[in-house]
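Just so it is clear, A, B, C, D, E and F label the chains in written order, and each chain counts residues from 1 on its own.
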Amino acid sequence: MPNIADAILTGDTADLYFHRTREILRREGLDPVVTMEIFPSRDGILCGIHEVTRLLAAVLPHDAQVWMLPEGAPMRAKEIVLRIRARYSTFGLYETAILGMLASSSGWATAAHRIVQAAQPVPVISFGARHVHPNVAAQMEYAAIIGGCSTCATPAGARLAGKQPTGTMPHAMILIFGDTVRAVQAFDKWMPPDVNRIALVDTFRDEAEEALRVAQALGDRLWGVRLDTPSERGRVTPDLVKEVRARLDQAGFPHVKIFVSGGVDLERIELFKREGAPVDGYGVGSAISGAPPIDFTGDLKEIEGKPIAKRGRIPGITPNDRLQKWERA
Amino acid sequence: MPNIADAILTGDTADLYFHRTREILRREGLDPVVTMEIFPSRDGILCGIHEVTRLLAAVLPHDAQVWMLPEGAPMRAKEIVLRIRARYSTFGLYETAILGMLASSSGWATAAHRIVQAAQPVPVISFGARHVHPNVAAQMEYAAIIGGCSTCATPAGARLAGKQPTGTMPHAMILIFGDTVRAVQAFDKWMPPDVNRIALVDTFRDEAEEALRVAQALGDRLWGVRLDTPSERGRVTPDLVKEVRARLDQAGFPHVKIFVSGGVDLERIELFKREGAPVDGYGVGSAISGAPPIDFTGDLKEIEGKPIAKRGRIPGITPNDRLQKWERA
Amino acid sequence: MPNIADAILTGDTADLYFHRTREILRREGLDPVVTMEIFPSRDGILCGIHEVTRLLAAVLPHDAQVWMLPEGAPMRAKEIVLRIRARYSTFGLYETAILGMLASSSGWATAAHRIVQAAQPVPVISFGARHVHPNVAAQMEYAAIIGGCSTCATPAGARLAGKQPTGTMPHAMILIFGDTVRAVQAFDKWMPPDVNRIALVDTFRDEAEEALRVAQALGDRLWGVRLDTPSERGRVTPDLVKEVRARLDQAGFPHVKIFVSGGVDLERIELFKREGAPVDGYGVGSAISGAPPIDFTGDLKEIEGKPIAKRGRIPGITPNDRLQKWERA
Amino acid sequence: MPNIADAILTGDTADLYFHRTREILRREGLDPVVTMEIFPSRDGILCGIHEVTRLLAAVLPHDAQVWMLPEGAPMRAKEIVLRIRARYSTFGLYETAILGMLASSSGWATAAHRIVQAAQPVPVISFGARHVHPNVAAQMEYAAIIGGCSTCATPAGARLAGKQPTGTMPHAMILIFGDTVRAVQAFDKWMPPDVNRIALVDTFRDEAEEALRVAQALGDRLWGVRLDTPSERGRVTPDLVKEVRARLDQAGFPHVKIFVSGGVDLERIELFKREGAPVDGYGVGSAISGAPPIDFTGDLKEIEGKPIAKRGRIPGITPNDRLQKWERA
Amino acid sequence: MPNIADAILTGDTADLYFHRTREILRREGLDPVVTMEIFPSRDGILCGIHEVTRLLAAVLPHDAQVWMLPEGAPMRAKEIVLRIRARYSTFGLYETAILGMLASSSGWATAAHRIVQAAQPVPVISFGARHVHPNVAAQMEYAAIIGGCSTCATPAGARLAGKQPTGTMPHAMILIFGDTVRAVQAFDKWMPPDVNRIALVDTFRDEAEEALRVAQALGDRLWGVRLDTPSERGRVTPDLVKEVRARLDQAGFPHVKIFVSGGVDLERIELFKREGAPVDGYGVGSAISGAPPIDFTGDLKEIEGKPIAKRGRIPGITPNDRLQKWERA
Amino acid sequence: MPNIADAILTGDTADLYFHRTREILRREGLDPVVTMEIFPSRDGILCGIHEVTRLLAAVLPHDAQVWMLPEGAPMRAKEIVLRIRARYSTFGLYETAILGMLASSSGWATAAHRIVQAAQPVPVISFGARHVHPNVAAQMEYAAIIGGCSTCATPAGARLAGKQPTGTMPHAMILIFGDTVRAVQAFDKWMPPDVNRIALVDTFRDEAEEALRVAQALGDRLWGVRLDTPSERGRVTPDLVKEVRARLDQAGFPHVKIFVSGGVDLERIELFKREGAPVDGYGVGSAISGAPPIDFTGDLKEIEGKPIAKRGRIPGITPNDRLQKWERA
């Protein structure tokens, strides 16, 4: 697991007013034991709590108490997912970072969860690293797997989640070889035997035609084809999948699987399912990586054991039987 | 400027298939000069190109050629914003990172731009670090400033954009002091004179009542009040701002400014403007930080000077007079 | 029960053409026994039939026959709710008045019925006298009670319906005392013991703060608080009710009830119920008092025992088993 | 003008809490001079202010001050239409009555205004007494005339507004005579010469056929016909008016006017205008009488000359140059 | 049954490119046995297959094989309804004609089917010949009967479907006689006894009045009345049917049926049913005759026994158990 | 021009009641000179009046008078487009045929007109014969040309309109040849030189690839390509047209035109125009052939010179300056 970045530990990414608050309380000699509760603004899948734990382990004293829901747990709007009881000076500065870790990761995991539910039993792979900043690409792919994806395309993300990354081949490679079959044959020649041979079949010619050409060239060694038809050509349609399936079967290649990528989202997967398209796997990009974060809020609910709250909130801790006491490793 | 992370330079956050492509082409002895063009999927404000430049400076050989639009430029859907001409082996692995840097940052800058346009001449400050992962919090705040925000709340983001961060005080500080006036007085006592005194006035009592209490306590030293009424109490409304303004004026505090935060977004700002609410500044959080990334795509358009393209795209480079040739520093 | 106004008995509020008709028929020596049937244009709750009865008792000869549905009965569009058989000269002039008595009252009762159904088991009180002409305020409140309201705010309306009126205190009283607690204490001091002490708690300070203050001041003698937050402050929200409930309970005042008023209508009550807000009573104003009247129509269906009708209607009486023969008191 | 009813003067139609307030203030010896301002919730035509004046004249002491907009004035949402400065004890009890007098009348006048605007230059007559309680029938018809109607059908309403009432004949009279021509001849025989002869022509036969029959029977003495086709027969349509006009003209009766009634509302009048139907007058019923009241609100804004307001309102009087100082007659 | 028109057999109505194809294939000496399959673009009722059979009988050699669904069968979108296996030269030219025969007729039959379903058990008669070109009037009426209509108005259409045509009388006849009763009496005098006497009752006077007049004139010989009120008079309404029924029953003519025509369509029939109007038969015109055709497509799926298809279709025949082998008469 | 069919002249396609009317009038010895006026139910392009003229020329006596709008004239709803004055017996029977001739043809011409307006200056060709009954295919194509189409696909339709038909090649021919280039070469070899060589390029391979292949095979003799991508492959998109245009231009074939067919309708053409797709011609099928007919109505308006009308219509002729007196050839 990567360490917590220095900029986070120094509070450089914290909102300025937390710095000021720490300074003022220090000068006033105020440092009560407080209880903070954190909750999401909408329903979803909690993700990022592992990373929060690593941050808390680095900053909290040993007498601090923490309760939380486990990574990947479903959560309801306004349900308490994390409760911290410690002196304010030990963690007040990290409120911004804690909320931010949960916000993005839970947003991605929640989107992935909905898509995986819609697609099942067909597996979904996260392909969206190209749509987020590389500083969080690994976290995004990890969250997608927490949300239910089988695995992802980047080594960094797969390592975080304890999975093997996966991938096929980019259009660039086929363009450089100048022919799909030549590119696939080179792939087959140089890749280790445990890498599945999956041919991208929409670069130069009609998808069904290319699918048959690569199947004839590789025979039993071809594991599958990937359809990624661009929107300029009408995207991958359920009928295209059916036709490629039928043509592969008629030509004696029933073992060749069909993977679909390119603008795949919830609506698209529901369409493929409704129309009975024989898809063997989906690659999903911005429908997961571009999911909106889920906003989290942290509220002080007790000060030195006394219930308190700002206007609009109910003073005192909010009971939640699902919370688990955190034990430091 | 922070350096490009090692995980990016080693390709750890790249899609697996780029690793495989690099390996296969190396074994086949293929390494042509290629031209890649990169374009967004929708209109917006380009952001992240500075960071891309730093990555390219670290990896490209000196005979490589690069053209780009400047940071902060408006861009149209499918317009070429970046063109790279170099041997494929020198940059093919970084396609994921380049696209990702542009995707998130341009999404944030574009959202900020729309909100700032709607609010002007009233300034907007980015407050959303708590809603994104801290690994990209600085980039998000930087992008918000590129999109037009006056400044932001985190030191890291403000430093990236060459600005001073800003902030008021959190509810936690007021809760710990147990009274808004006491907290504001402590803030006034300990903060350096160049920090504006802005009191958060919705924690314990009615906003108008608290605004008058802090104005009477600090007199001319009070620079402004911040209204952050939670949704449980109906959020900040245009009428509330008008009333607080009127009560402050009637009590002899016309110099005290009014800042509005809490769920502020495009629709909300348009409502405040339409109703003529006398707002002096907005703090905007998830309406910027939660903006969806803008997907970018990279296409090979020439190989060894010959136009090429995959199906669905037009072979050869796409002219764009607005592109500027990149000169290495 | 008030007497039928002279202006009605003299026909001063009758349409002019009924006067002319009476004059012409008299001069022609025509005065047949006719049967008139009256029906509503839409479904609802019949109200006003008591008042019609009083009018008929004052004008009809003893051999006249009348059938009707009882006050408060549900009725269907076009269902006959009243049938009068008498010489035309004895009641023709009162058609305008009879239809009008039923129109407004049935409109109010129908609206009240829907609101009461939505709110149950929480009681609803009619507060809308300020929204109708005082000449009909009593009838409106009476109709609201026929439709299911527990009682109403005006003595005149309550008397008509045989109920005790109810009420709390207006904003004006609190403004004059200058402080909610002082006003409530004065109320408590001077009101007879059987009047429930209900404090209005949104005049000067935050609702939750005021609720606690009046609870502390009156202790067990406080029966409830009324929330009437204006729209400028976001109206009463379900979360506000929950918070006030929690703060009262935490402070040891679980016996204090919470009443909600201010723009309460069908949608609002459904929202409170859906969100589980612990409301103990609703005060409803213009959602009842502003209900559109239900138009009624009167048709001659027999003349001297012979079926007749104008074009568009079916000649002869329309059977309705639910009608009851009217017996004069 | 009728006197203010005793039940209003005694406060019998006032909300109970005003009684209590009066009692309490009296016992406390509190009776400040207060300023109350009254404003509507939406745009419209102010009506009822004459009646309010009569009430105020009966209850206010001579040193009271009152400002108001004149009867029939257009008013904007939240514009102050009435301001009363006097000891609270002298008028606090009448708040319910004042608001109610304005609410219904302004609602009717506003609806009438819109309909009259749409119909002009064709005159509109108020026919809706049958759709409201007879106790308010005269006020409704008066308000309709304030809103722009030429006159109305009830003597009481017309007298209030200083107009002559108008009318034709009911279906009942024709049904009793058994033939439209016979009824019209009787009407012609017995009515004074200054009453316009307008025949209702949809009772027994086709409207065009009856129109010609009555025109032939009365010749030059026929002033007009009224079309009132019921919805069971498709209502009066623009084409029917055109056809009746054409048939009357072809038969030599161009002087006979055509009046339209029966479900006439704003949309219907716009339809007739758009289609160019040659209508000479409209009778409008529930589209005016069933108009929703306009809610009015009264706020105390000064007590003993000092600005004050409840939360959500701005303390002190709200300037309005259009207000006129009331001089007692 | 009429013969297939010469212009069809000569291919004069065929798309030009089929001519060219035939010519080119002939010159190339190419004439394989091909299998063509034909399917509709949406669900509906198949109609026109009889006529297609007559065309095929005229052109196909005896060794050709044909499978089809029967006339009037329900069919699903994309279901194969016709399969032809023969040398291409023998039927390729007729693809346009075959598809066209099915397109219009199936469109009409499908619309009729929906209307008949909605109306049942009340019978529906096709009246729409006036809304289509007379060259196809007979096919349209035939298709309407295949779709479920009881019969139709034109002798040509009825003959095609083996039915007796039906009809009443046009407005023109009544206008010429100058009186409905006179026209009906003439009809009764001259028509053979087996023709039902159905009077059109909306020409000169009110429908109910005329219905009674013709019933009194013809007595038991009157079979029914037809209501055809034009839109200028509000069309036939459910209430009009109820009233005419009631007036006929009250006058002793319960045996007289009521037929409704004039703008009758699916929505209208559903309205009549919902309102319980006692209709004895509907005459439907443009709701059937103006139905959009159902597009059919013909695909070659085998050539000399080998599966084939154009892109987008699956090669080889598509199984359909419902197809019946065609046996030449 | 084809002759009017016997079935029309004998009245076999007339509504039965016209036969009966004729019979009855004859027996009564009634045969007045009548004036019938015919008008459409909605705005559009008049078509079919030539054919009506031929029918009238065959049946009317020489003293009959006829006025009409010319073929192709724009017409307004309810505008008189045809007026016939003659003895009823000479044309009463043909009312069904006359209305039907105008209904379908005007529907088609009106739809074509809208599509041609949207496409201009790009020409539109009618391809829809396959979607209507072959008995009316020629009239449909003729009407499409009256509405503005350049020409059509069937010889019969083109002949009616005095045009040359046009066409390319069907998928069937290419499937039989087994290769697009072979089929196109055969076409080129055998077709006369004045036939444009237009290759259909979506049968076996990617459209852009096939377009280049046929261009290379035929060189300057290739006039154009036709894109007809089926919906299973996303239909023809604006981007596909742009790409094929770019690839043809890059390969040195700027002279090759691009024609688009397959589900082309008004919305689709507007999309192509909005996106700037370089289309050289559209083939439109069911968007014209499936257009709903425009209903026409015929009314008797004079009998022996005396104004008359049925209920709902205004007696006497309706003036229309645009009508032209018909002079027999």
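Following the convention adopted for this analysis, a contact is a pair of C-beta atoms (placed from the backbone, for glycine too) under 8 Å apart; a residue touches a chain by one contact, two chains touch by 3 or more.
These figures come from a predicted structure and were not determined experimentally.
Student: For the copies chain D and chain E, give the interface type as same if over half of its residue numbers appear on both sides, and as different if under half do.
Tutor: same
Student: If every chain is reduced to the average of its C-alpha atoms, which one ends up farthest from chain E?
Tutor: The most remote chain is B.
Student: Report the inter-chain centroid distance for chain A and chain F in whole angstrom, where each centroid is the mean of the CA atoms.
Tutor: Whole-Å distance between the two chain centres: 57.
Student: Taking each chain's centre as its mean C-alpha position, how far apart are chain A and chain E in Å?
Tutor: Taking the average C-alpha coordinate of chain A and of chain E, the gap between them is 58 Å.
Student: Taking each chain's centre as its mean C-alpha position, how far apart are chain B and chain E in Å?
Tutor: The answer is 65 Å.
Student: Taking each residue of chain C in turn, which ones touch at least two of the other chains?
Tutor: 204-206, 229, 231-233, 239, 243, 311-313 - these are the residues of chain C that touch more than one other chain.
Student: Considering only which chains touch which, label the overall pattern as line, ring, star, complete or other.
Tutor: Looks like something else, not a line, ring, star or complete graph.
Student: If you go through all the chains, which pairs of them touch?
Tutor: A-B, A-C, A-E, A-F, B-C, B-D, B-F, C-D, C-E, D-E, D-F, E-F
Student: State the interface residues of chain B toward chain D in the complex, per the touch definition above.
Tutor: 206, 208, 239-240, 242-243, 246-247, 250
Student: Per the contact definition, I'd like the list of chain A residues that touch chain C in the complex.
Tutor: 307, 311-316
Student: Under the stated contact criterion, what part of chain D meets chain C in this complex?
Tutor: Listed in rising order, the residues of chain D that touch chain C are 5, 7-8, 12-21, 23-25, 27-28, 30, 32, 34, 36, 48, 88, 92, 95-97, 99-101, 103-105, 127, 129-139, 153-157, 165-178, 186-187, 189-191, 195, 202-205, 229-233, 285-286, 289-290, 292-293, 295-296, 299-300, 303, 308-313.
Student: For the complex, which residues does chain B have touching chain C?
Tutor: Touching chain C: residues 204-206, 209, 229, 231-235, 237, 239-240, 243 of chain B.
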